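Consider the two complexes below, in which chain A is the common component and chain B and chain C are the respective partners.
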Partner chain A sequence: MRIYIRPHLLWARNFVVFKGGKRWTSTVTNAYDGLKCGVEIHLQLDTKTKLFSNSKTSFQATPNDHVSYFDLAVPGSQPILNKHAVLLALKAATALNCKIHRRSMFDRKHYFYADQPAGYQITQYYHAIATDGVLWLRPRDGISSGVNLGVRISQVQIEQDTGKTVHEIDSDKTYIDFNRTNHPLIEIVSAPDMKTPQEAAAFVHKLQTLMKHLGVSTCEFQSGAIRVDVNVSTNGGKRCEIKNLASLNDIVHAIRAEYVRQLNEVSDGRAIESVTLGWDGHNISVQREKEGSLEYRYIPDPELPSLLLSEDLIRKTLENQPKLPDELIDELTAAPHGLNLANAQTLLGYGLVDYYFASYKILESVGISGRLAANWIVNDILGILPVGGEQLLPSIVTPSRLTELIISQKQGKITKMVAINVIKFFIENQADLRPASEVIEHYQLSAVEDDNILEDICSGILEEHSDLVEQVVSGKKPSVIKFFVGMVMKNGKGRFNPQDSEATIRRILLAKHPEYANNPKC
Partner chain B sequence: MRIILLPPRFANVPAEYSRGSWCRRRLNQQFRRNSFRSTTKKIETVVELESLLSKPTWAIQSLLPESTPENRHEDINPQSLRDLLRRSGLQFPKDAEEEAKMLSDLQRQLVFVDHVQDVDTDGVEPLNRIGEYGEELQWDDVQIEPEELRQTVKDKLSIREHMERTFFYVKDREDK
Partner chain C sequence: MSVSQHAEILLKEARICLSNISSLNHRLNALISVRSPESVLTRVSDVVASSEPKTGIAGKLFAFKDNFCTVDQPTTCASQMLQGYVSPFEATVITRLHNHAHAIDVGRANMDEFAMGTDNIFTVYGPTLNPLYSSPHSAGGSSGGSAVAVAAGMCHFALGSDTGGSVRLPAAYCGVVGFKPSYGLVSRHGVIAFAQSLDTVGIFAKDVPTVREVLSVISAHDPLDPTSISTTLRQQLKDATARRRESGNGKYRIGIPLEFIVDSCSPEITNAWSAVLKKLQAQGHELYSVSLPTIKSALPTYYIISPSEAASNLSRYDGVRYGYRAIVDREANGVLYGVTRSEGFGSEVRRRILLGNYNLSSGAFHNHYLQAQKVRRKMQLDFDRVFVVDHPLEEPIDRDDDRPNVDFLVTPCSTGTAPLLSDVLSQKSPLDAYINDVLTVPASLAGIPAISVPWHTDHGDVVGIQVMGQYGDDDRVLDFSEIIMGL
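Then we have the complex of A and B:
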């Protein structure tokens, strides 16, 4: 491997790597010159029943527990459209600023595969429900260019999902689970407006945030709710498709590898062919020739009427659109909230923005800084929740309960540790609907003002750990005092203020070991 | 392959003409002549009606001639035949004789298709489905989720008999 460095170029990618006799990095200052990528995203809609039959949608249920005759393509079964799925598709398309077509059609895409018993997939090829939208990426979304990037959305179409095939070793059979067949999907196709892998990943991430916020899809890679295929072309050549990328990292690495592969092909004198590739985490490999649309013999599905949307429906979808993530983050990061970007994104990601706003209002009305609610939620509460607990949060630890605790802590009535324990108590005892003050009263958790008890506890701790006392006093390990403070909090069951505890400990140490005064207090 | 994919447009699209041939032009003239004749005479009595209906003025066989050098499609060859059969999930011909029959049938069918595509569809909106126009979806229609089906195919013994544990299966083939 040879690396050539060009010191006269100061910005990124100013070195050229030759590996295995081939140029391995690009030569120009822009690392991805000539690269164009477009993304095709399949999102599973968050509905209870399937798209053309009313068996239940599921994930990781017992195989074939939720399969109806239509899913299995039993002759004579017919499709009946799930109208709620259309609403979710409309919400997605509206948020992407698409033109909604009042009339769209369902088409059949024919190909043979074991997980598709009908021999065709019902999709929207000729007339999709929405076309010509745009999703704006800003620098804060993770793109490196300083300006906003508008990624055009070619179309949004509704289609069916396929089943799952399971291969077992040492078996001559392929096993099929049809639970996932006919699950509603929307396919979002973007124009090739992205010029670097990071932009492609940022686009996918932004789409995930948006769709999750709208309740259109859970958008998780692990459950397969989102599947991403990327089309890559270099210097105006033919585009190649990389299928089934399983995470944002995979997207970045796979596009980079494909870019390098295409440059190598060209520099070897070969023309780039339209192929389908796979990414296994490390390498990009050619899987098959890319099929043309003629292979699929698209025809309008004769069993389904055209999808007709009323003007009223389209208008009301737009009117009922909640505030979108960009607007919410703008609001949270500006005055009067002034949260930092990470906290704002966390609140948004967990769907707790309204919860925060409600708590903010209550706190401000009693003259306490409302931002504290955000700090408490992000820094203290989210960490102690069980998985999925954030959905319960607004109803269990209601804004009034939360603000009661914050106000009490601010006024010194309880310590923060006690407040967090009360929140844990609320989560574990959901049937208990008492307000925070009653709980504090009941369990006698309010801060103890009695200095004598504190003094006794501190002395006890210091006697118990006399060996460590020596370290603090001599200045070898001043931070051991924090350990003492922790022990005091534990023994006092959190009813003593950490500041008071520390002050008391220092006072006792000073009294007993005068030389402590000489050491720098940390 | 001259199979033209005509998308069913809501707007109008003129039908593309395939290669002309003297045979088709003759047939067209004959067709027009026949239709012209049948629309000029006004039927007034039941006897006239019965006499008109007793003899066919046109037969579909006229659109399915043996393929002649003039209207033969050159891109129908054994390779493209196999392509078509593969995509349709049909079996390949067993021997040369069956293959020759399939090829000649295909040629004849394409002559028919050519005639269909020659029809002037200017100003005619494509019909995708009989009884096409359904109802417009309203806001209230889309709010509620449909009720879940309580039954599954496994409940039927005749289907369960074909499953292994809880899976359906296909045997892997050599050429997969």
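Then we have the complex of A and C:
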């Protein structure tokens, strides 16, 4: 099995590497007869403040810096619902085609744990904000079957996050950080509609793309913005739940391991018990026997009013729903854009579709193929950005700046290398608001068409590397010519275009070494 | 009256209160912390000297129950669990009394632990005694300390909390006015929860006008309390009250609910009740017999809902972040909470936590908690059918033309007068104490305003007469209470 998701890359920028638009495709045919998977996903909502208090949400803040009285369950404190969290949950449920309930309620789920200050979590157990949705997976999403797969969404509910407990190694000390306490979450529960590990991973990935696109959540595994539990059953047997899978890769491997475990249990003559499992990246292990015997003593929260949504708000959320990823991918891969699937998915994954469209429009208006912008963004620009730099693109390297550079390059006014360097300059000097042309002029980066200067530079390089000249001329290492071109780029600060440089080098070589003409690679 | 005369009166009254505290509190055990007389008198002088606009309770002294959070003294709910706990913030109502009304607190009042109890005996500070009797009698609970502080003249008014009668019952036992406003009228922010769907802040005073003054200060929308009713609704209620007062002729329709005639009522109570009703009729008020069938289920309903909410609320007391922590739980291999909670909570609180957790367990939830919620809803509708005026938060309901509609219900507030403390302590079953709540829990379950008004019988007893009105009709309940006080 080849999986094109590298955990370290995910860590670096939550980036999925695509090849040919196919992921999780296996080179070996895996049969998963009788396998059924359902997924429970917790998403941290991307709000400024917490679910029931006005303390700030935080990622990587100093422990216990963002904590209010209610977060700590200080006696006499009370919950005040964050409306923004509700709106994000509503957006998510709408995009998942759910039935939105005009009246939902908050319940308390009780269990004692040091990072659960009130002794209960506020969640929506009896009456959730939304139920009965569906998310469609298409073949291009990485499912092996050739037809679309509808994964039913059983429920979307709003709830509080817990704090974090850190056990100090080699000591009896445990530290608690309440910053995460009361961060708004939505829990999305799917029906057991996925029949292979790949489908489960494809579902989670599609959901990530969708929710990130909607601004509901950053959906990053590494920060804990998305947490995935998977339940697995085989041949209609009891469900076992694998908790806290930390990447798409883990989802695939853990389900496969659990499938094998369950088959082995049965073939060894043991019944499958409903257990909670852990995955350490290599092995599956039973964490807790008999799920379901826990007593959470649910009670409707006695002081939180019912959550009432107006018909108007529900309708407007649907009406104002932006184009969803599927529609955008369709649009990007169809004429007139005609992007390949990988580029389309990359633009979407980085949230740069609108940026591309804006650049496309400008280029087309001056008679240049607008889809060039996609190549520039995906192939040339993303690679030079620092982590998270893609978020700066639309505001720093504005479509007008980007297209100015593309147009100049097309017109031969600058080389591509210069263009990329100017983009780097923009990112590093965000306060510099000059248009690209002024920067080019200021640093004298215009492509130089003065043949004499180019001639001088080329001659100089060839003289300096006379040993290499011999290898080219003799035909031993014809590719060294590329090195010379590179040197011209370097010495000429990128102002000469590679084609002119190479031609000039060849001309000089021929003049000085007529035998070079006999070389077939000449 | 000149300014200086007014100042003299306030200072004189304050000195009397302080003198009562110093002479009586050591026996009655009403206040568990007392401010120094010098600091209180200084504050009274400061208030009368200031040129700021004054409310009717400026410079008046008050006590408040130990479950109101303040930042300069421990807030303990009379529990071992919160010994030494100082709140980081102040209850909204305390802030309003201090800052808006310039009232002056004299100290914190004793109570039953976490407001659970009817005789003020479940407290780490020892029982509060009733000032009306020379031998030890129950002060009533759970706001017993607040009731006694007012009854014994230690302050002009006091705050308590009423979840199922915890203001009205001690008021009845101690012979003072005890008012439980409509649910949501007074902010609960900073009042430590017992059962939030029932908890209200209540007021004790010797007369109704003082209750009114205090209510006008603490009744305001509080954005920090999710159950505080909106400014818009408050205005609607105010307008409705004005309309009803204008259209009325001072004569009211009084309901006598049959379900409040209970076997356990002592003769002095029933006699006092009928005496009040007779005098009201003699004044031209109309009496009607009414029925609210669900009241018969009020007590079990209350004892399912309130312990369930309490068990949930009290889950936070684990000794990890604040409050009491057992020594064994501090050790590395301790069980973390178990012993802390066993040692930190008293017997009555532990009993109700167990009861609540049982009700919420998956096996019992549907038969107990959900059924209780349904009965509670039916009871609210029973009240709506009886009152002439509609519930301002509900759709108007169809009333049965054959049945009389009334402005207020008048009942006793307790089944007997204050019992001997020795009798209370020798009760075999905690259920004996729970039965005392039968007359007060219906108004709590319905969220409606209810008041206990003292009635002095010809035999020298003091009995609490309860008046209940429609939700939001608080001002008229107070109007009518004044009529009863004046009979």
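Annotations for the structure displayed:
By our rule, the second predicted complex is superposed on the first by the 487 of 522 C-alpha atoms of A that agree within 3 Å, B and C clash if a C-alpha of one lies under 4 Å from a C-alpha of the other, contacts with A are read in each partner's own complex, and residues count from 1 in each chain.
The definition used in the following text is that a residue touches a chain if its C-beta (ideal position, glycine included) is under 8 Å from a C-beta of that chain, and two chains touch if they have at least 3 such contacts.
None of these values were measured; they are calculated from a predicted model.
The wider contact with chain A, measured as residues touched, comes from B rather than the other of chain B and chain C. Residue contacts after overlaying the shared chain place A:Y175 against chain B, while chain C stays out of touching range. In the superposed model, A:N54 makes contact with chain B only, not with chain C.
In the superposed model, A:P305 lies in contact with both chain B and chain C.
By the touch criterion stated above, A:K206 is placed in contact with neither chain B nor chain C. Of the two partner chains placed by superposition, only chain C is touched by A:A118; chain B is not.
Once the two complexes are overlaid on the shared chain, A:L313 sits against chain B while remaining clear of chain C. Contacts of A:G76 after superposition: chain C is touched, whereas chain B is not reached. Of the two partner chains, chain B and chain C are each touched by A:E295.
Contacts of A:K109 after superposition on the shared chain: neither chain B nor chain C is touched. The interface of chain A with chain B overlaps its interface with chain C at residues 69, 72, 74, 110, 112, 114, 119, 172, 176, 295, 297-298, 302, 304-305. For chain C in complex with chain A, the residues that touch the partner chain are 69, 75, 77, 82, 85, 87-89, 91, 188-193, 195-197, 223-227, 308-309, 311-312, 315-316, 318, 320-322, 332, 336-337, 357, 360-362, 365, 369.
For chain B in complex with chain A, the residues that touch the partner chain are 1, 3, 5, 7-10, 87, 89, 128-129, 131-139, 141-149, 151-154, 159, 163-172.
Those residues of chain A whose C-beta lies close enough to touch chain B in the complex are 47-49, 53-56, 62-69, 71-72, 74, 82-84, 86-87, 90, 102-103, 105, 110, 112, 114, 119, 126-127, 166, 172-178, 293-295, 297-298, 300, 302, 304-310, 312-313, 316-317.
Those residues of chain A lying in contact with chain C across their complex are 69, 72-81, 108, 110, 112, 114, 117-120, 172, 176, 295, 297-299, 302-305.
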